[in-house]
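A quick write-up on the structure given underneath.
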Amino acid sequence: MASFDGPKFKMTDGSYVQTKAVDVGSSTDISPYLSLIREDSILNGNRAVIFDVYWDVGFLKTENKKSSWSLSSVKLSTKNLCLLLRLPNPFHDNLKDLYRFFASKFVTFVGVQIEEDLILLRENHGLVIRNAIEVGKLAAKALGTLVLEYLGTRELAHRVLWSDLSRLDSIESKWEEKSPEERLEAAAIEGWLISSVWDQLNE
Amino acid sequence: MASFDGPKFKMTDGSYVQTKAVDVGSSTDISPYLSLIREDSILNGNRAVIFDVYWDVGFLKTENKKSSWSLSSVKLSTKNLCLLLRLPNPFHDNLKDLYRFFASKFVTFVGVQIEEDLILLRENHGLVIRNAIEVGKLAAKALGTLVLEYLGTRELAHRVLWSDLSRLDSIESKWEEKSPEERLEAAAIEGWLISSVWDQLNE
Amino acid sequence: MASFDGPKFKMTDGSYVQTKAVDVGSSTDISPYLSLIREDSILNGNRAVIFDVYWDVGFLKTENKKSSWSLSSVKLSTKNLCLLLRLPNPFHDNLKDLYRFFASKFVTFVGVQIEEDLILLRENHGLVIRNAIEVGKLAAKALGTLVLEYLGTRELAHRVLWSDLSRLDSIESKWEEKSPEERLEAAAIEGWLISSVWDQLNE
Amino acid sequence: MASFDGPKFKMTDGSYVQTKAVDVGSSTDISPYLSLIREDSILNGNRAVIFDVYWDVGFLKTENKKSSWSLSSVKLSTKNLCLLLRLPNPFHDNLKDLYRFFASKFVTFVGVQIEEDLILLRENHGLVIRNAIEVGKLAAKALGTLVLEYLGTRELAHRVLWSDLSRLDSIESKWEEKSPEERLEAAAIEGWLISSVWDQLNE
Amino acid sequence: MASFDGPKFKMTDGSYVQTKAVDVGSSTDISPYLSLIREDSILNGNRAVIFDVYWDVGFLKTENKKSSWSLSSVKLSTKNLCLLLRLPNPFHDNLKDLYRFFASKFVTFVGVQIEEDLILLRENHGLVIRNAIEVGKLAAKALGTLVLEYLGTRELAHRVLWSDLSRLDSIESKWEEKSPEERLEAAAIEGWLISSVWDQLNE
Amino acid sequence: MASFDGPKFKMTDGSYVQTKAVDVGSSTDISPYLSLIREDSILNGNRAVIFDVYWDVGFLKTENKKSSWSLSSVKLSTKNLCLLLRLPNPFHDNLKDLYRFFASKFVTFVGVQIEEDLILLRENHGLVIRNAIEVGKLAAKALGTLVLEYLGTRELAHRVLWSDLSRLDSIESKWEEKSPEERLEAAAIEGWLISSVWDQLNE
């Protein structure tokens, strides 16, 4: 049965985030993991799912070395869970579950600096997120601090939460030297941070 | 004769919503149902029709696995009625009635997070809603609460109405395990909630 | 000679609207009717012409059942007159008079929820209205009531005029069962209502 | 020598507008008239040239009776002069003078409800007005009266100037029955009115 | 050696503007002149370069007499210098220097009513100005006078500087009768005026 | 091992900026330099990377001498480091590292007058910066000084920091006569200035 049996990471408030990294093959059934994320989001998380997407860049031989972007991974987080899906190229039919999940209006998809991502998702993959929100833009308006709109996850969390971010900094500043587990930890921390920012904005 | 003879669901204020789910075949006459929705909207509902649309995603074989979206279902609600139309693919000529209904200016079509839907409806199906409103955007402006613009149905209703949403949560959190009737109940609840939000905004 | 010799309808303030419905054939001369509308608009109506357009939808055989929209009727109203033009398909050369009329800057063309209509008119028929106004948008700003921007004719009139709308409701709620004359009456009432809203906004 | 030797019309303040209507043939030299307009604009008129454009509509045989718009006349006015150019179809090389005149930044081109015109001029004729202003929009902002943005020339002048407009109304309400000279008078009055509105806004 | 050895014109404050008009042939080296403009802009002029562009219009034989625009001249000004480049058609490779100059971020390119120009430059010539500013728009906001956004150079300078503009008026009102040197003087005056407006806005 | 072993320049506050200029060949590994920039940005610089891009313009033989833009150099700065990458044409596969770096959300990419650059990067090279900010626009809003939005680096720094900019002016005013090292110094100063402006805005 599907479960978040990857490493568990401790956050700065003492809570834990359970993680799961999945290499999605042509026969991998990702829907149980997505259901768990949605369930936790509905029951414990204000119906918010924090998301981030990662891209592969390729140079096309033709057309003067133009680049092409394809979705390589997707991160989906709640306050308690963090799911990392590593996607195949090209996509298999089982990824329709991911398309349906992103198109759902049951939850709000919360991200940081996602404007370009939403365009690339639509244009390169026909993937549509109907209920997405740029959390920095909302924070900037809600808190009256203009610069929040333009920051990355870490700085945004720093300004809104003032929590200790040294663990995240230590991983991301030496990213190339870090192990996959440490990278997963950084992903989990970032998801948890935005989840906390969202809670703060909704209070 | 056409009537809403599907299951009847009790809402949190004690009122009932009568439902009807129709599998639209090539000879199904949907216009009587649409007329009943319009009539109830005009006589009892501030001329508002709550709508939601559901999509099927398919991967095109050609063009590097790009996706295609086609309309699979449409939900139309008033305070008292909820109509769920399951659509065939491709469309038959009898769906012109649905196109005409959506193009009508007799009523206002009220939805949540419909921006992407309106684009997809126009681009993929040439379906135009002339008088549509994103209720969250209006609520955000009218109530001065920015975040309302970005929420899904449940959270929007929660902030505006403060009613008990446990039944909806219990269905939607375990969506895959639920029966068609329970899913129809969730659809009816969501339609009724937005109808109530709309009333609240119009007071 | 051209005259508005169709049925005359009594409005709620005791005044009458004279109507004329014209089936436009290839040899119908519509310009006298348009001239009468313009004359009444200039002499008695703040140079406003209330308009509404009605569409036929067709499914194209090719291209996966995409729909096509073509203009089937046009309604032009002043406080005293209501002209309903039923248009042929395809258009004949005599419809150039209608194109010229709509392009005129002598009057302001006032409509409700016309954004989609203006796009369809331009894209599908190359018809341009140079001086058009969305009355709900103006009412929302002028009266400081956000929701007015998103309402249909009846609700807009209800909020601005508070007049008795039961006759309109009784026709439109049972639209399919109504006679052509009753439908013309509803069209005349709607035109008169928007004309009254416009007067109110201009006071 | 070029001169404004057409009929002279008396305005409501007792001043006169000198007019000239030119049927532009392939060998007509319009530049002297344009120079006189520019000179009067610079020396007596705040460097404003009031303009209006008139269109011919044609139905294309192909493509399902789509319409095409071509520029048939141009009106250029100052406080003292009114030039009406009736243009040939297709354009001759001598119309380059008109293109250059419209592209000039020496003067500001002031019009009413010109948004659609500017698009049609650019798309259908490649004609660019670099320094154009929609006077109603400016009036609406400057005077704080929203509705001014949406009015035609007559109503705009009525609200800003409160001058007697009965002569204009009497011509335009019976347009079809009027002589070319009366129509030229209406054109001259409209140009003079906007010129007066512009002066008012610049005080 | 390159120098601004054209006529010198006296401005209304007693200062002089040195000019240079260059007919750019295939072997003309324009970079020394551009360097002098940049140097003066950096050392004496708040790093602002005032620019204006002039267009040739041609009618294409094909496509129903559509027009084409090509850049014929460019004016670059500082408080002390005015450079007029008359460009060949088609462009030679030595014009790359002009492209690089316009793409520079060392200075701010200040113009009046340049919106259409920027579009034409990009679309017709692929010329990009990365740091351009519409001075009238800025003046309108900074000084709180709406109409400034829509004026030409002379009127804008008139409202901001209140200096004597009779010399400029006398040249531009009789433009066709003026000598090349007088036209150059008008160009120099306009450049100097906008330079002064810019200084005013930066105080 | 990769290190910033180029010339070291003294800033006006006594601190030093270490530089590195790299001619990127087909086998150059640029990732260690990018990692050092990111590390310094994370540990010492508010996660901001100041960037600027430089373009080569070419005239296409075909299509009437239209121009084409290709990216020739990229500058990446923090408070302590300045990296100048001179890029080959066409790009080699090792430039994917640069694409990934620019797509990163770990840091915020801060630039001046970058709107046109972002368009050219996307259209001509498919390069996407997901988290970019136009610092002048932010400064204009945050400090309430409209003109800041439209200035180049030097003027922006001048208004915000009031530091001594004579060294920068002396290099940039005589750009053509300057050595590569002096040009690198100007690049380092500009990067440091914007980094200081950013700090100021974040205080």
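Labels for the chains are A, B, C, D, E and F, by order of writing; each one numbers its residues from 1.
As a working rule, a residue touches a chain if its C-beta (ideal position, glycine included) is under 8 Å from a C-beta of that chain, and two chains touch if they have at least 3 such contacts.
Remember, it's a predicted structure, so these values are computed and weren't measured experimentally.
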| said: According to the touch definition, list the chains common to the neighbour sets of subunit E and subunit F. | reply: none
| task | Nearest 5 degrees is plenty: how much rotation brings the CA atoms of subunit D onto those of subunit F? | result | 120
| task | Same or different, please, for the subunit D to subunit E contact, judged on whether over half of the interface numbers appear on both copies. | result | different
| field | Label of the chain whose CA centroid is most distant from the centroid of subunit C | value | F
| query | At what distance in angstrom does the C-alpha mean of subunit D lie from that of subunit B? | reply | 50
| From the C-alpha centre of subunit B to that of subunit C, how far is it in Å? | 29
| field | Distance from subunit D to subunit A - Cα centre to Cα centre, in angstrom | value | 57
| Linking chains that touch, what shape results: line, ring, star, complete or other? | ring
| message | Which chains make up the ring, listed in order from subunit C with subunit D immediately after it? | response | C, D, E, F, A, B
| said: Under the definition above, what is the set of subunit F residues touching subunit E in their complex? | reply: 52, 55, 57-59, 64-69, 112-113, 115-117, 120, 146-147, 150-155, 169, 172-176
| Touching residues (chain side subunit C, partner subunit D) in the complex | 31, 35, 38-39, 42-43, 46-47, 90-91, 93, 95-96, 99-100, 103, 105-108, 125-131, 133, 138, 141-142, 201-202
